[in-house]
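Both complexes shown next keep chain A, but they swap its partner, so chain B is in the first and chain C is in the second.
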Partner chain A sequence: MAPKTHMKKNNTLNLENKKFIVTSLAPALISLILITVVPFVINIINSLRNYYLADPKGPTFVGLENFKQILFNDANFWHSLWITLLFTAGCILIEFWLGLYIAGLLSSGGTFRNIIRSLLILPMAATPVAVSFTWKIMYSPSLGIINYFLKLFNINGAAWVGDPKIALLSVILVDVWQWTPFMMLIMLAGYMSLPTEPFEAATVDGAKDWHIFRYITLPLIKPVALTALLFRVIDSLKTFDIIFVLTRGGPGNTTETLNLYTYLKGFSYLRIGEASALAIIFLLIVIAISQIYLKYAGLEFGGSN
Partner chain B sequence: MIKKSKKSVVLLGLSFIFILCVSAFASDLAEFEKASINWRQKEGERLLVGMNKHGFTDAIQQFLPEFEQLTGIKVTLDVYPEEEFRKKRLVTMAGGGGIYDVFMIDQALYQYAEAGWVEPLMTYIENPDLTDNNWYDFEDIFDKARGFGEYKGVFYALPITGEAEILFYRSDLNEEKGLAVPQSMDELYENAKKLKSDSIAGIVLRGQRGWGANVWPWSGFLWTYDGRYFDADDNPAFNSPEAVAATEMYAKLLIDAGPQAPASYNWYEVQSDIALGKAAMGIDTGMFMAVYEDPEKSEVAGKMGYITMPGVNGKKSVPNFHYWQIAMDPKSVHKEAAWLFIQWATSKNILLPVAVKNGTAPRASIWNNEEFLSKYSKEWAEASSQGLASADPSLVPYYKPEFSEFGEILSIAISDVITQTKDCQEALNFAVEETKKILNK
Partner chain C sequence: MSLKRRVDALAMPPRWIFSPIIDNYIKVFNSQDFTRFYFNSILIGLFTILFVLIIGIPASYTLSKMNFRGKKDIDFWILSTRMAPPVGILIPYFLIFKNLGILDTRASIVIMHIALNLSFAIWVMKGFFAEIPKGIEEAALVDGCSHWRAFIRIILPLVAPGLVATAIIVFLFSWNELLFAVTLAGNASKTVPVALYNFVSYEEIDWGPLSASAMLALIPVLVFISFVQKQLIKGLTLGAISK
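Let's look at the complex of A and B:
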């Protein structure tokens, strides 16, 4: 505890500074409120209205009707939710283990580590839409390079995004290509910050490589890995561009995620009310998933004291 | 003295150039000045015109200085790629409008008309101060195209392009295999199967979901098989026996003779596969001809044949069609100037050079024009103009504002039949049930 006289001095300083702080922060705060809080409030209002753009009578207040429609009378909502979860699970599982593995390889050093690391980061730097268009061309059965190379080895290539059985997998593959480096990068940072003593002790005790990984590396790297996972889970749930470009939800509706469905509802079907409700439901789902995740992962943000 | 004469030579030269310029413009403007209206009545006003990237947009850009010369109205084009433009236009209009004076529009016209976002145009056409119909010739525009611009009896939009669904085929491959040009759907199927091999698809059609993707060419099949979107009582009827037969043929063509992943084909893939010699036949918009016959973009230039899409049971086909149009924002504060622009842009004198360049035209006179016909093959022009003349706007349920919604559901059903994940009847039944739900909202 500081002595009282000191406190007083600090307070007057604070008062003098307050104006300065407020005026400096104001532009950022106001623009933040304008681009996040205001649209969010409008979104909530719209979700409670029967807002159909093509209806000249204009919107009317309908309470929770939109939510009721979606939850109890819309098979496509549950279908697209299921696809969203499948997509996220697929992406995360592959990206996590692949990222961990590559980070492990790179952490053991080697002359080319820095070059390889820089090369691996490139996919992350590319625009998702440009990436998706490139993959779309590569996936094309008639013009694409993938099936062309497979043919050189006398393998009949797949229909990739055109086959309902593997379309989702093909889309996941693109996400994996683009975002594994992100996992790798964060976990590599985790690897680099590991203390060397436990490993030395384990080697002295004659532990096998697998045991070292399972009982020392993994627990030590856990906080970093879980943070990386959380980012990717939220990001994967929200994925839009890759799916929109590659399949537009097709064939049929085998790759239609909740995000794409919301987009169609709003911008193609013009049902702004239902789309807003969908967006809010989606937000709640993302919050729920990340809260459950945080609880079970034992991660804590914002001050350990 | 010497200085002075130098100056006068320069001046003389400049004025000579100026006269040349003026006369160059004058010769172009003369055609427009034949119209007995005062083109300069809104001199000094400015228009903002929203357009998407399109052959028409590129073409019109070159003529804008002439329009400014003619009317003294300054026009700025605001151009976006197609999908982005649709969104931009929607957001602009939903936000109250008043930004674009004139904008390009497609089937969304009916949604817009329902919402009151487009200005009725008939009063402008009938006003002799604004329109000289002897010169403009409103009736020269295909009556189907005029019907396309109408909603609930009110006329809202004028066409700038006109395209019809036709069949294109590789005449060299037909000759090689001794095949005749198919006259019926069954012949088309047999030919497609014979033309299919490991290296080339027998036929390509759009299979990708989306009301603007597979639904468009599929509609031509539906009508050709005598199916309808809605029955006489306005109930959705695209699960009728006729619709099932049409859908089964559409899917059969792709499953037995199509490319490897037809469900991922939108118009772009259809266009490029044929242009690169990866497919022997295709049914899609006749506009693709301009790409196929361009040796720089295509490997099949000069090898293609064009004909009206085949019919069934000895009857003629009923192909689908499309018109891009331009319409006016009712909130515009320069409505007369906007109308002068629309009139100018949809006049024969502008649409003809655009048609010669792009191979698409909504006016009957252009399809008889020597300059136009000499550039493109006769059989193609016949197939396209026949398609445009027989197309029937009342068949397309675009006039229902919910079309984009149930069209998407229908497109998923078509895609499911193509990928053989659902039985045809079952898939269409489901789509009809969902459509009823949407229409009852």
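Let's look at the complex of A and C:
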């Protein structure tokens, strides 16, 4: 008798559980479909149309014409892709090494660690428009503090965001200021969870600092660092705010990333068809880059450690 | 800069010592518009929090604590939404809102901010739920509570600090967001970042009041950072990675 009632209780529990799982997930899953699947389908439909928002006659079906146009006839697209890759590579390389270096310094010195750590959230949390605007003042050739200081050392300042040759670099610097702390905080957490034994053993063996770093620290911190890098890569491919405020893609189109190009195509030139096609190509590029990265880095996306 | 008079602000070399004035702040506050943009931003942020939490909390709990078929796929799906370029969501929704005639409403911006934050918030909250020991909810269930009751009465209070931190991160994202707001907002629903952006893009820039409004935009950020920095660091960094 006893096992039977137990089973009955289990069954009602199971049914209860199922009901709970379904009801708790349903709102979120419906929302996620509305966020991901629905826009994607609409984008595909619109990308197959000649859709000029200001045209009173409305959209017409053109097949793959928009994609052909973009891939084979549009120098601006390839240019913006190149700028996107340059921007991402520049940001990631500087942020990674700088973050790793500062995290290493902080992990040994304990007194100021907590103060510095809380100061470092500010760049990440601050309103990007306000941040970019502050940099815009600092970069200004006539009002800017940067050129003023350079002049004190008898260096002639530059036009920074106004100079086609260094505009991209100037934008990258702002991104570095904003996101190096993110890298740093994650690597710091990585450093603090490292075991101490390998380091003691290496010191006893008389290993040089550089060798300890290269052969012990780096491999141990690798999993954390690789995940942090992946998120930064995805996010910098999609950077919008700081470029939009600092240069709006200019001067010329020297800082026009794919994201900005898609945006301007859609909302300045109102070419919805081409912009939708660009958005799809953009998505495929992000997925491709992440997949290559994951394969190369040997990570499993979504896998928990 | 925001405390300088116009002559001081434009002086070269920069004047470090100047007579500070609060005129710029008064000017910003007196302009009816800026208080309205501030109000818009706060309202949009609060409604975004409300919906993201109501939709996200139960899902993140289930994904963190329950075992069922297809769980891994849902996890992967939620994570991979991060890859989607926001502009690809913006274009279709801009068209939908245009057809519905709700461009330039706060509601349209709230909907987009929910879309931006939901999967991130679910991911961060999963981390907080994972820290609850397994025995607690089982005890509650054996006592004959229904699952939903046990969840609301017993589990939620335990993760309250994590939920507050998540709410603050969501609010900050919404408060800072430019891309969706600048596209959807007209004069009626303009948020603080959009107002700032419009300031910058004008031909002649009045640096003083602009700096003052930039500072005002940063005030909520500073307040929140000082209150909950520990959970904030966790949410913004490790919470973003994996749990």
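The working rule: the second predicted complex is superposed on the first by the 283 of 305 C-alpha atoms of A that agree within 3 Å, B and C clash if a C-alpha of one lies under 4 Å from a C-alpha of the other, contacts with A are read in each partner's own complex, and residues count from 1 in each chain.
Operating definition for what follows: a residue touches a chain if its C-beta (ideal position, glycine included) is under 8 Å from a C-beta of that chain, and two chains touch if they have at least 3 such contacts.
Everything quoted here is computed from the prediction, not taken from an experiment.
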| item | value |
| --- | --- |
| Touching partner for A:F267 - first (chain B), second (chain C), both, neither | both |
| First (chain B), second (chain C), both or neither touched by A:T23 | second |
| Comparing the two partners chain B and chain C, which touches a greater set of residues in chain A | C |
| Chain B versus chain C as contact partner of A:D163, first or second or both or neither | first |
| First (chain B), second (chain C), both or neither touched by A:S108 | neither |
| Partner chain(s) touched by A:T196 [first = chain B, second = chain C, both, neither] | neither |
| Chain B versus chain C as contact partner of A:L143, first or second or both or neither | both |
| Chain B/chain C common contact set on chain A | 142-143, 267 |
| Sites on chain B touched by chain A in the complex | 87, 90, 94, 111, 114-116, 201, 207-211, 213, 259-265, 269, 272-273, 276, 278-279, 401-402, 404-405, 408, 412, 415-416, 418-419, 421-422, 437 |
| Chain A - residues contacting chain C, complex | 13, 16-17, 19-21, 23-25, 27-29, 31-32, 34-36, 38-40, 42-43, 46, 117-118, 121-122, 124-130, 133-134, 136-137, 142-143, 145, 148, 182, 185-186, 189, 224, 227-228, 231, 234, 237-238, 240-241, 244-245, 259, 262-263, 266-267, 272, 275-276, 279-280, 282-283, 286-287, 290, 301-305 |
| Chain A residues within the chain B interface of the complex | 53-56, 73, 139-143, 147, 157, 159-164, 247-253, 264, 267-271 |
| List of chain C residues in touch with chain A within their complex | 1, 10, 12-14, 54-56, 58-59, 61-63, 66, 68, 72, 74-96, 114-115, 118-119, 122, 141, 146-148, 151, 172, 175-176, 178-179, 182-183, 192-193, 196-197, 199-200, 207, 210-211, 214-215, 217-218, 221-222, 224-225, 229, 232-233, 236-238, 240-243 |
